[in-house]
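Going in written order, the chains are labelled A, B and C, and every chain counts its residues from 1.
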Amino acid sequence: MFVRNAWYVAATKNEIADQMLARTILNEPIVLFVNGNQEICALEDRCCHRGAPLSLGNITETGVRCGYHGMAFDRSGKCVEIPGQTTIPARAKVKSYPLVVKGDYVWIWMGDPEKADPADVIDYPPDDQVNWPRANDMLHLKASYVMVLENLMDLSHLSYLHRTSIGSSETDSANASMDVKRTPTGMKFLRVMRNADAPKNWLKRYPTGNKVDRWSDFDYIAPNSIKQFSGGVNAGDYDAGVRDGSHLVRTLHTVTPETEKTCFYFFNKADGYAKFEAPGKPRTWASTSDVFKEDQHMLEQQQLRLNNFDVKNLMDINTDVARVQMIRVLKERLQLEQETTGQASQKT
Amino acid sequence: MFVRNAWYVAATKNEIADQMLARTILNEPIVLFVNGNQEICALEDRCCHRGAPLSLGNITETGVRCGYHGMAFDRSGKCVEIPGQTTIPARAKVKSYPLVVKGDYVWIWMGDPEKADPADVIDYPPDDQVNWPRANDMLHLKASYVMVLENLMDLSHLSYLHRTSIGSSETDSANASMDVKRTPTGMKFLRVMRNADAPKNWLKRYPTGNKVDRWSDFDYIAPNSIKQFSGGVNAGDYDAGVRDGSHLVRTLHTVTPETEKTCFYFFNKADGYAKFEAPGKPRTWASTSDVFKEDQHMLEQQQLRLNNFDVKNLMDINTDVARVQMIRVLKERLQLEQETTGQASQKT
Amino acid sequence: MFVRNAWYVAATKNEIADQMLARTILNEPIVLFVNGNQEICALEDRCCHRGAPLSLGNITETGVRCGYHGMAFDRSGKCVEIPGQTTIPARAKVKSYPLVVKGDYVWIWMGDPEKADPADVIDYPPDDQVNWPRANDMLHLKASYVMVLENLMDLSHLSYLHRTSIGSSETDSANASMDVKRTPTGMKFLRVMRNADAPKNWLKRYPTGNKVDRWSDFDYIAPNSIKQFSGGVNAGDYDAGVRDGSHLVRTLHTVTPETEKTCFYFFNKADGYAKFEAPGKPRTWASTSDVFKEDQHMLEQQQLRLNNFDVKNLMDINTDVARVQMIRVLKERLQLEQETTGQASQKT
């Protein structure tokens, strides 16, 4: 079950710069492209005539022409030409989807178009950090999008799954302070490891000592996104309000369900330390994509173990405080949508 | 749902010339082969003893011996030997299928054997054109056999899907005259584009001018076959009765369902112009197989888009006149069979 | 449906000598490994916290630590550490399985642990033949474990499926005497071909004449194992009690269901003739694994033919006497278990 009234990342701008992209989102086949008028379009990828994928057709001035029998549609999904006939019946149309282009992404609205408010699209990068060098990538995962969010909301996995890449010590991890609170759009989770060991690779790049304060500040925006503000400073400096001058990143994680058990995981990392160091200085940490592939393998295997298993048999532990709260927020959001827009949410 | 009381192409004669062929037809596993007495056999590819595929066994004088425990069957499906015992019970048998060899094909009857009349097998090539050079091929498609028939019955797709291979202009296509009429065995569809542009490659081979009359005369023989007579002559000559001397082909299209969503598409093209030109002259048109692979890709993607979609949501357009009529004929044939031979059609 | 109260081979000792092994047995995901204390462990391969596979974690002194969030389990499945908390709730545990190491194998008990009696594990090799050279291998088959047992219980297939490898003549096979009798643990099947042709390759190794007596003595131990004692002597010697001095093997066949339609087939062959011949003499027969791959291909194709077919439509023949008896024993065992331990057998 998916929240439909929400903005999801459909693609990066790059992905559709010079080609039609066929992508299934929330179980619906969608074609994304830029029409001849340079407008971005998202249409049902199934012609209303014989069901052919429009993504096998050709881009036109206003939309797309089906590559099978030539029906043409504009970006609203309305049929504007039927070869061999002059009258175009009202039912000659395909579904279209509201879009917003913001940051590096094309965001799509999968629910009731009346409810789509572009102001709800997440700001990333924040205005004052727009010039931090950014790296973004996408992983196509054979796992539920919920598992990806859960993974991020329980950072204790850094000490185990990412032990050899970006991990903290088990003790530091166990001693982390965790603060969770609800927000109007979801919930926040602040995790701080004070007086922790600086990871070995850390010292190669940052001018901190062996003992550091590390923090991760998560802003979960239901149903699908997490803004993360993470960094580290010399031990003792965190509570003194210091944030700058060392490890400092703002990451946007946003997950788009393909099906119940597969998803697209987009992540986008802005590096706030780069401004302090000489340009071109080589990075010594594992790339974000490499680290997240460790997650991918775990999540896909986890999905296999849960396919025929009742998750009620699983148990929560203390470090799950943020994850449990996030799931509560997500479930409430699902219930609310079902109650208020019952019909719309049953469309697929 | 399939029409069972019908002749389907099981294989080309070549396919079984020197080997056993295991092929699923209408969801039934069948083994095809030539026995030691040079008779063609079609048996259930599942031994009645332990279910082993007979196609893994050995050909005998009269039939096949199972390669697992050695039971032997003649071409009627009757067991003629059981190793280790002298009595052969009546139920020791596998299903056998009526066959007719005609033209390049082995035709199989999937329904009530009592109703199998070899006279119903399609004549191809027609007697007076038996010496036209023929080319035949088969595509194994991950799409319903119905989609293949529909594809042929709406030639407007030539202007789009085959635009760069054998396509006509969109205008000529839209102006085509279309005549549809019922026949005792199905329906006929005549499509004529008068005073149309000759395709560029056309002029390299045929002695016509830039403007031509092109016709396609389809004879749909329910449930699975279409005889096509197509050609082109100088503009104005078609209505004067001229057919010879330029592009001139007789094609047999026949589709054999493997399952509901996969099929074998056999096509066989006899070239009536070859008799007018020097032997060995190289062909300049795309090969039929290459063109049909464009269809294959479209049909398989179309099938994927329709797998979880109610086709009632699709719509017909003017150019669908023949396709719609054909589907009506096919459905009537299915209903008729269900009413008159209810039990037989439920066998599998 | 599986018999759960039984010992199944989970793995060879070699398979887990230096790695964790993830293997599904009777539809349950299991991880097998040797802990730091050199004890063999078999645990549910699914952490009770978030469902992660424990096989992606790390071996500890007493068990395993999950590679996702670090929960640690001892070999009884009890959680012994939860990072970030001191209290360990009673429900923090995963399923563990009784194990017995015997011969070359690790045997696992899939049913009620109360009923697990190590004395029931099959003795192989027998004490007095422990020094016969042994060869063992495993095939992962896409076929029901029952088909593997049936294959062994109808040796008439040697004349057909193994015609070119280890086959006997069809006549000798048809004339074989067959004796079947129930035993407390299953049933026995003795098959003797008297005065049979010695296989061609046989003569290259064994000092017998062209005519031999060949026997196979099967001991089916329900639900999953067959001990086979086979050999050959000069014609006439069998009934005189001679067994030694020529072809002489003791084989243990044991099959472990992975799912209803896939299994692991372990076989282990001890060669009693090797003691009579010069060490290092090369073998001239096809290797057991090569011969059994002929079975594998047949069984997997047989499974495909039976997937959507009612086996009630198959028929038994005279040579099936042992196979039919074996199936009866297996079904009785299944029924008995369902009646006496109804709940336990429904666990998965």
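By definition in this document, contacts are C-beta pairs under 8 Å (C-beta built on N, C-alpha and C of every residue); 3 or more make two chains touch, one makes a residue touch a chain.
All values reported here derive from a predicted model rather than from experimental measurement.
Superposing chain A on chain B by their CA atoms means rotating through 120 degrees, a value rounded to the nearest 5.
Two copies of one chain, chain A and chain C, touch each other, and the residues they use overlap weakly: the shared fraction of interface numbers falls below half.
Averaged C-alpha coordinates put the centre of chain A at 48 Å from the centre of chain C. Along chain C, no residue makes contact with two or more other chains. Residues of chain B that touch chain A in their complex: 150, 154, 156-157, 159-161, 170, 173-174, 176, 297-298, 301-302, 304-306, 309, 311, 313-319. In the complex of the two chains, the chain C residues touching chain A come out as 29, 45-46, 48-53, 56-57, 65-71, 82-85, 89, 91-92.
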